[in-house]
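There are structures below to look over.
Here chain A shows up in two complexes: once beside chain B, once beside chain C.
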Partner chain A sequence: MSVLYPRLLGDAARGLHQKYLQLSVAELSGRHELRHPSAVFAATGGRRVTLDELDRLRGDVLEVAMRAGFPGEGRRQERVTFDLEIAQLLHERCGLVAGEAAVRPIWAFLALVLLPDVSYWRYPRPPGDRVLGTDITRHVWGRLWWRAHLLAVPQQYRRYRLLDTFGEAAFDQIFARRKSIGGSRTLVRMLAEVWPSIDRGGVAERDVLIDVLKRLSRLGAVIDFESLDFDQLQRQVQDVAAESAALLSARALGAGPRHAEA
Partner chain B sequence: MTRVYPYLRPPADVVTTGPWSRLTPDGSELLPDTLLDWDYSTTLSLHRPVTVDGLRLRQLSGLAEDAEVDLSVQWYSTSSLLRGQAWRLTLPVDDAFEAPVDFRLPGDDLGGTLELVTNVVLRAPGSGRSQAAARRAGSVLWSDRQRVLLEGDNTLFPIATADFHDLPYPTGAGWYLHIDEDLEGAALGSILLLVNERHEVVMRAVEAAASPTEADRRVLSTLRADVLRSLVERALTDEDLTEETDHPVGSLGALLTTVVRNAFPAFSMEALRRERQTAPALFSSRLQETAQLLVGP
Partner chain C sequence: MTTPRWWSQPFPPTGAIASEGIRNQLGRPPVDPLTVFVRETAQNSWDARLPGVETAYRLELTTVAPTHRPTWERLLTPPAGAQEHLGVGRAVRTPNLRLLSVVDRGTKGLGGPTRADQLAVGRRDWISFVLNVGEKRDTEMGGGTYGYGKAVLYRLSRVGTILVYTRTPEDHSGRLSSRLIGIALGSSFDSSARVDTDSRPFTGRHWWGDVREDHVEPVVGSEADDVARALGLTPFGPDESGTTLVVIDPDLEEFETPDEAAQHLAETIAWHLWPIMLPERGAERLVPSVVASGRSFPVPDPARLYPLRMFVNAYRRLPTDSATTLESGNPRKRLGRFALEKAVVVPMAPDAASEAASYAGVEGDPHHVCLMRSPELVVRYYEGPTTSSVHSVYAGVFRADDELDSVYARSEPPTHDNWVHEQLTGHERTFVKVTFTRLREQLAVFRAPVQQAVSTTSRATLGAASNYLGGLVAAAFAGVAGDGTARATASRGAGSGTTTTASPGNADGQGSSTRSASNASGRARVTVLSEPHIEESDGGIVLVARYGVAAEGPVRLDARLSVVTWEGREDDPPAGAARPRVLHWLVGRTRIAGDVCTVEGPAEVDLLVVPVPDTATEMDIVATPVMDLSDAGAA
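And now, the complex of A and B:
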């Protein structure tokens, strides 16, 4: 049964964000709560999360954060590891189904009520969309749950082994195309499976990925990727990626002398 | 918008489909446009009769007889934006081949509007095909789409009760309809009807909605009319919202456009905007009429 989380609606969320932008991480630690008078549960299917569960979730997130240097600045790599561990933790532990995880105000509750200190530590002085319920693809917690949901493999053994395939910026490219290819977990997982073996010919990962995603989006208009067997899908994604890398690589080589002349 | 396919496709009549049905504890029933009793824990048992002319299909697609072709069903959810395969069957080289579609679809990844896409797809092109024939595995040769709104009004109007003393709304109000700003966002999660726990009359009516008294009925009618008014006003005060704008299925923008169209089928949005500005009292009466305020049972 899905677990329902409190929803912190726009006005209340914006008010907290404006206040919290002025506070230090230490001050924010004293502001965390397990409930908020303005947060409401919607009457959809599922049971309400208990205060004990919220308390445990906060404890577990804090433990991961401390390993990554919280409340200090920490190193960049530690934050990358933090994101990966949190993605798995949220996906395994929250008991959310995708329909409920698409409801943005639940993520505002986590960011601004349950975990304000960790949220503003992960993104110091964040723009609103990192903590408000405005854009899941940018949200400090929501984007991590979705990253895990799109990349988790169906079997239980090493279920989250694909999580670290793409860096944050690269995965954002996939997530931003959620309505086209990003909604197909089969395709996203396959892309993650084959990505490490693609010879990018010296072209930046992000450039190749953007081009591959464009090509897959175009193909998706006439190809039913979901209907393909593992081997067929693997071959098609590999072919598209190889074609894209070769083209961009050749273009980069061709552009070299012209740049030199200029 | 018509999609242009870079390969030969057969005429639509190579596949004959019957209606989608769902299995319920009481037997089988035609799949309605809206499933009022659906929630995330529901597993849908869906089926539909399909007959395919497997030989004619291959011939008219420019494919060889040894081409491998599948019939498959894909699902897509407008709230989660996820998609996946629900069912698949290999089609033999026989005309009038009966391929009864039959599968179970768990509710975990669904919500909003569910799209069921029945596809005939190429699995392997075989030998001796026409130059114009599809060659890439997965090429869609034939397609059919059906939409069903899950959860009905519950999706569009999740209701929550709260003490307005704790919320930034007038403490003595009966309700507040929260509507998000992002027109592209999923309607689910963008709208929430908050009922004030302090308002005894409204709370009593909402709690008794399944078997209301005459007094409750009047309260609920007023509430429904006000919800409609709030949605229509939201639509008309947003200049970005027009009949021509193509908002994604299941989005707030699509919902608001539909609400205005259904409420005022004879008026354009522009005409409604004009009337609301120049003759607000008349516009208000028109809203009362379309909402059937205090009319009937």
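And now, the complex of A and C:
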């Protein structure tokens, strides 16, 4: 059964964000709460999360954050590790179903009420969508849950082994196409499965990925990827990725510093 | 020289099986006697194979040549007393008497003693095939258990008569020697109506050969070869052994011509004997052929014939990791190996399945499991659940474990085309029963509905769904689906529905399915007269749409082509990817190249587009009335 999380209403969220932008991480630590007067639950769809669970969730997130240098500045690589650990933690522990996780105000609650200090530490002086949840794919916590959701493999053992396949910028390309490619977990998972084996020939990961996504998008109009079995889909994605990598690296070699015509 | 004659078997004092009993031993009337015929005779030939040589199995549909007919009539006409009970007498007097022969070579022929009351130490093929009924066969890895299936030979003959011509090594010398005998199964009768003989009942079984006191011996050696030659039977080469079975006056039922029947036989062979035909078996294989009236009908290659090739693929997977071993839990026992082949296909037309396939039980696209045991002859095609999509099909093979071969064999009816657990008891019953349970479990995944597919467009109204899916099918054939989006555009323009009627009098532009230029200089209405569809042009695939231009005067038409992606219209193509391009416009009979064309309205214009394989294409045109005539020259 799904667990319901409090939804922080839009006006209250914006108000908190305006205030918190001015505060330091240490000050924010004192502001965290387990409930908020402007937070409501959905009427139905699961059981409500308990205060106890919220408290434990905060404790666990803090622990991971400390390892990544919280409340200090921390290094870039530590943030990457932090994101991966949190993605897995949230997806594994929250008991959210995709329908609930698509509700933006629950992410605003997590960012502004439960974890304001960690949120503003992860993204100092963040633009609104990082905490308000106006765009989940950019939200400090929401994007991580969805990344884990798209990449989690349907098995118990090493469920999140695909999580670190794509860098953040690369994965944003998938998020940007969330209605099509990002909407098919099978396809995203398969892409992650074959990605490490693709010889990119020195072309930047993101460029190859963008090109691969364009190709898949073309095919998506005539092929129903969900109906292919593992082998068929694997072959399909591998072919597409190999084609992109080959064309792009040939172009990079042939054109040199100039850029060839499309 | 012995002249072969007919001899009718009287009932012995201890009683005997009447011929009706033998003919009914198949249990039930076969769905297709020719299918049972192929299965039974091929199994006999296969069981008699010689090691190290390919087994030739040939079916011949012939007629008795005019030169041989007098011999047939002279030798095979029964004596007056049995005349009315032996239809063969009538048959040999008709011209163009039809014969269906099974010729096997590379086999050992029917050997052993020629009397059933002699104790056989070695082989007893002759006894069990020609004389006895229901005798247990103990060929290692043999296909059959009891020889009941041979009853189909008599049933197939309208006069219940077959000839058996065999060449086999003699028991003591090992020299090859020929044997020839005729066997007929009529109805039991008695001769009380006749005054010239003692009245006594007869079983209805008759033999034709070297008649002795109380039984019939075959004509043997060179005499057999002489008689066979006089009858025009296929002769043996100098070192050849094997058997020729001749069914006299076969009942080809619904097949009007021998050619049709031969075609059916060839396909039936492929459907039922493919496991022992595969080239990877080397010399241990059956090489079938079918000949009708001197013309050869090739047996289809099972590895190429759809849907049979899917079973072949699954069969070839049996030894690999992708196959699974099915087991029974209590008692614990390996039942056999199971492999599956899945495919996405364009569904077959409703009546495209051949009769051979239908009789084999696979009518149309496969969702079946081929059952076989150690001899690797097809037992049956077990029908599994149909998948939730007509495009998705599967074929499986289950091969019983060698250890349980005898159990499965005992569960088979005389025609060897099923496994019936009710025939068994105890653990054996469990094994056969559990086999089907396991198979159902393996196939249960196909019953589940497919996952919710991601919608690739939400622009098409529900009424457009069928048209939209039709486009997918076209895409599967030609690699393009040009109409999906254009139609969506159409439905948007028209407000509802998908068909846009081109009515020039429709003044408000509601019928317009193509974006009209809405610049201030004026509006030129363009309607879609025929939706974009796929045509062939000079060997290539093109998309063709016809537009009607309603405006008066010159109108400039701009083709806007793009690939439709999952994300909608594609703005930025992948590296090096092709884009659709205009082949030409067609105004009347004039071809105009280029993306732009100017026509004198009102007019009808065809736009021909070269699509990119494996993509969907969107075709739009923008129409602008040309105010200044000098613009027209630009096109």
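Note that the second predicted complex is superposed on the first by the 256 of 262 C-alpha atoms of A that agree within 3 Å, B and C clash if a C-alpha of one lies under 4 Å from a C-alpha of the other, contacts with A are read in each partner's own complex, and residues count from 1 in each chain.
The rule is short, and it goes like this: a residue touches a chain if its C-beta (ideal position, glycine included) is under 8 Å from a C-beta of that chain, and two chains touch if they have at least 3 such contacts.
If you're wondering where the values come from, they're calculated on a predicted model, not measured in any experiment.
Colleague: So, on chain A, is it clash or fit between chain B and chain C?
Modeller: After superposition on chain A, which the two structures share, chain B runs into chain C.
Colleague: Applying the document's definition of touch, where does A:Arg138 land relative to chain B and chain C: first, second, both, or neither?
Modeller: Neither partner.
Colleague: Applying the document's definition of touch, where does A:Val103 land relative to chain B and chain C: first, second, both, or neither?
Modeller: first
Colleague: Which holds for A:Asp224: it touches chain B only (first), chain C only (second), both, or neither?
Modeller: Touch partners of A:Asp224: chain B and chain C.
Colleague: Between chain B and chain C, which one contacts more residues of chain A in the superposed model?
Modeller: Of the two chains, more chain A residues are contacted by B.
Colleague: Touching A:Lys179, do we find chain B (first), chain C (second), both, or neither?
Modeller: In the superposition, A:Lys179 touches chain B and chain C alike.
Colleague: Answer with first, second, both or neither: which of chain B and chain C does A:Arg122 touch in the superposed model?
Modeller: A:Arg122 sits against neither chain B nor chain C.
Colleague: Can A:His91 be said to touch chain B (first), chain C (second), both, or neither?
Modeller: neither
Colleague: First (chain B), second (chain C), both or neither: which does A:Val40 touch?
Modeller: Touch status of A:Val40: first partner only.
Colleague: Which partner does A:Ala12 reach: the first (chain B), the second (chain C), both, or neither?
Modeller: The first partner, chain B, only.
Colleague: I need the one stretch of chain C that runs into chain B once the two models are overlaid. Options are 79-87, 97-105, 241-249 or 475-483.
Modeller: Among 79-87, 97-105, 241-249 or 475-483, the clash with chain B belongs to 475-483.
Colleague: Residues of chain A that sit at the chain B interface in one complex and at the chain C interface in the other, please.
Modeller: 179, 183-184, 186, 219, 221-228, 232
Colleague: Where on chain C does chain A make contact in their complex?
Modeller: Its residues touching chain A are 342, 344, 389, 391-392, 450-454, 456, 472, 475, 481, 484, 563-567, 570, 572-577, 614-616.
Colleague: Name, in rising order, each residue of chain A that touches chain C in their complex.
Modeller: 177, 179-181, 183-184, 186, 211, 214-229, 232, 244, 247-248, 251, 262
Colleague: In their complex, what parts of chain A are in touch with chain B?
Modeller: Residues 1-2, 7, 9-12, 15, 37-38, 40-46, 97-105, 134, 178-179, 182-186, 219, 221-228, 232-233, 236 of chain A touch chain B in their complex.
Colleague: Please name which positions on chain B make contact with chain A in the complex.
Modeller: 3, 5-7, 39-42, 70, 72, 74, 76-77, 79-85, 88, 107-112, 119, 121, 123, 136-140, 151, 154, 158-163, 166-168, 178, 180-182, 185-186, 188-189, 192, 194, 248
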